[in-house]
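Down below is the structure, laid out as structure tokens.
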Amino acid sequence: MAEQDWKANKRVFAAVSLPTLLWTLVFFVVPMAIVWFYSFGQNAGLNEIHVSGTLDNYKRATEWLYLGIFGKSFAVAALVTLICLIVGFPVAMAITFASEKWRPWLLLGIMLPFWTNLLVRTYALMILLGQQGYANKGLGALWGGASWVKTLVGLQPLPTWEPVPLLFNNFAVVFGLVYVHLPFMVLPLYAALDRLDRSLIEASLDLGAGHFRTILRIVVPLAAPGIVAGVMITLIPALGAYLTPDLMGGTDSQMIANVIERQFKKANDWPFGSALSFILIYAMFILIALQSMRRKAPEAS
Amino acid sequence: MALFSRSPIAPLEYSRTLWMRLWVGAVMLFLYAPLIVLMIFSFNDSKRNVVWRGFTLKYYDKALNNDALIEALVNSLTIAALATIFSLILGAVAAVMLWRFRFPFKGAVDGTISLPIIVPEICMGVAFLMFFAKGLHWPTDLVWPLNLGAITIAHITFCFPFVTMVVRSRLASFNREQEEAAKDLGAGEWQMFRDVLIPHMRPALVAGALLSFTLSLDDFVITYFTSGPETITFPVKVYSMLRFSVTPEVNAASTILIILTVALTAIALKLQGVKAIAETH
Amino acid sequence: MTDAPPIIQIQNISKRFGKVTAVDNVSLDIQAGEFFVLLGPSGCGKTTLLRMIAGFELPTEGRILIDGQDMAGIPPNKRPVNMVFQSYAVFPHMSVADNVAYGLKIAGVRGGEVRDRVAEALELVKLGGYESRMPDQMSGGQRQRVALARSLVMRPKVLLLDEPLSALDAKLRAQMQFELSELQEKVGITFVTVTHDQDEALSMACRIAVINKGEVSQLAAPSDLYEYPANRFVADFVGSVNIFEGKLILDEPDKAAVDCPGLGKVYLNHGVTGPHGADVWVALRPEKIYLHIPGEGKAVKAAAQDAPDGHNFARGTIKGMSYLGDITLFEIELESGARLRVSRPNLSRHDQEDFTWDDKVSMHWRADSPVVLLG
């Protein structure tokens, strides 16, 4: 690819580079830098922050309370990613191998929720999962059915159905995050599977492998870049999720983003909030670095 | 898709096997059931989202007469429109820069431009909160729509990298001989850009616009941190309604937004066709 | 050919994709040990037929028997055939040895035997010592050999090859044609190959089935296909040919004549068993026409010698020439205005200087050269 040296065409280069570079500098780099500087500061009075270069905020972040929340956020995000992967992989397969006529519509079916307002979707899920919601009613009906079957074969009926709390707990947070992030997982998986040369799958079948083994030995290794992309695209926003744990979680379902929010909106401890923010950003960087190392590893061997 | 296939299923027709269909059906049910239930209950003549008590439009009436809600919706749409326009320009121009030129610190510039995609939105929100509090004071008492400036700036900042990403991947498939052919036929730099490059980028621009608009309309966290007490967007309004008083008005307003999204998608489909939209993601 | 039952029996196979009929009521028997080629233009259904044998497509109607066993309901991984794909489909994330061992390991072959058989298969395709290479470090030709070895190591009853040479450059293609024939003789496995390239088909096949629009146009040995095409499609598709429409005016056991408005009267030294006055087509290969400078008199004499009832003779003007090295192709405008393609071997270094544009020439051909086609 013949990229042009910027000096060869300075006027065009200036026209295409200056607007974005200036914008990024003023409205992204500067705000992030402010956060970074304040993370080394301390509150001095009600509205004054003194940037003293202290590391106290970072020290405080390593207290057990906050380490626990970081750990929990990771665990929840990882679990959500895993569930999305398990649920999403067959869907991506189905889309890839659907007929020409159906494929775009299935894709659209996955993308439409992604375009729908996050808050609206979260709220819709809350209606369904509520104490009197349809999810509970459905489970109650299943329970009743099982109880009836038991009496039919002459056993004691099950005790009466007690609505289970599906909302305002950790289960709800995981469920809600899966609901929100599933499309993020399916789309890159589909993109990777779609690029796969089908004759590779046919060759595997032709050589005697069954479908399950073909998927395990051929499809998954070759779709690995897409799987990694899907995992990253799900894991990163799930790790920084604010709205789902805030609305659907209980008192013990706080994730790191909720703690950060509290520092700014309630506790008024901006320096500590800044430090937590940057720890979260560093965590993202580490994840991305791990990913690119993984990508390079197979090439080296 | 007929559930019972007429012809036997060939080895690679995975999507025609029964368990695959059940799986996809279950996932679609999972994705759409909550939205459909919400839409149905927006017509329910009851204060609670539990039992059906008959059809009514009164919550639509209430929602549409709720000035604060309507103002929030208008604000959101205005911000989304402005953010889309600016993101398209900034994003497309950045994509052209990264595709066309070789320059010092290109890797760093590339990385910084794509950073807003991966930085968690809570961190972006924090950054804008502090930027507008400690850095640039955006007056909150300006006339509409200038009072939306801070939020719009924030939205442009997190939207345009997505446009850059989409346009760049489209540009990668550009055949440079087209550019050379245009110049060979006498087109200047600008004419080539207008007559050859922009038409090639068009599907990506449509996809980028759609993405920016929905991302902007969708955003709660960053807006929640950036907005002053005076300016409220639709998600922020819905959030406070959810927090403090769940009324069926929220159902009605949400249904309106869902229908808006579907309509927008339909327009995009009309413009580009379902395939092109599907391919850009 | 032996009396052994055919290894593959294709019985009244049809395949429809929606409204499109890809394969239309085809029946074929393929004998054990033969090199069988399915030849046809792209989109004629030959690849669909091959994929139905492999089990990747299922026939809409009819059945396929391999070694006497009905293949209905048997998935590809349980069929005693293996396929070499057009794209080779070498697994890019496995080494050459792992690729070749893949099927063996699934079949339950263990340890040292896997190693021995992999080495043997690689030796067979002349890739000994390449075991640890990755596919992306190999050329297209080498990847194809890996695909061949990977299939041959399974010792299938039939090896299916989908356009095996289409991705190779011309030189390599010619070499691989010989190698494939040699390999087939060495391993004794039945090869069924799909190709659109007539040279490939003619050079490798024991028998060729020419497929057109989902149907078998002709099934014959290569030389029969070329010299005795059964219809216009085969005559035109296999090799280069001049075809003229005409009426059958004479048809006796030992001679026949066709009156072609474009070419004049064409005489044959054998009967054609068609109804008198029937509309027929005469096919004449360019290399079977002799070209003369007019006034030599030799042409007339030569033409008179073996045509029983007249002369196979024509006059025209050279309107086009293309020098191809070994031969020169001429495009000759006849007095009727029709055009005739004639090829002439360049037996000496100066042969191409004999003729030039707008030369008046005369031509003759032997009475056993034209082929009369009824359809």
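Residue numbering begins at 1 within each chain, and the chains themselves are lettered A, B and C in the order written.
The definition used in the following text is that a residue touches a chain if its C-beta (ideal position, glycine included) is under 8 Å from a C-beta of that chain, and two chains touch if they have at least 3 such contacts.
Small disclaimer: the values here were computed from a predicted structure and weren't measured.
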_Comparing the two chain pairs, does A-B have more C-beta contacts than A-C, or is it the other way round?_
A-B
*asked:* From the C-alpha centres, identify the chain that is farthest from chain A.
replied: C
*chain A to chain C: how many Å between their CA centres?*
57
_Centre distance in Å when chain A and chain B are each reduced to the mean of their C-alpha atoms_ = 17
*If you look at chain C, which of its residues touch at least two other chains?*
55-56, 75-76
*Where chain A touches two or more other chains at once, by residue number*: 202, 205
*In chain B, what residues contact two or more other chains?*
11-12
*Within the complex, which stretch of chain B touches chain C?*
7-12
*So in the complex, which bits of chain B are touching chain A?*
1, 11-15, 20-21, 23-24, 27-28, 30-35, 37-38, 41, 48-50, 89-91, 93-94, 96-97, 99-103, 109, 112-113, 115-116, 118-123, 126-131, 134-135, 153-154, 156-157, 160, 164, 176, 189, 210, 214, 217-218, 220-221, 225, 234-235, 238-239, 242, 250, 254, 257-258, 261-262, 264-265, 269, 274-275, 277-278, 281
*Tell me, which parts of chain C touch chain A in their complex?*
54-56, 75-78, 81-83, 85-87, 89-93, 102-103, 106-107, 147, 150-151, 154
*State the interface residues of chain C toward chain B in the complex, per the touch definition above.*
55-58, 60, 75-76
*Of all residues in chain A, which touch chain C in the complex?*
197, 199-200, 202-210, 213, 217-218, 221-222, 298
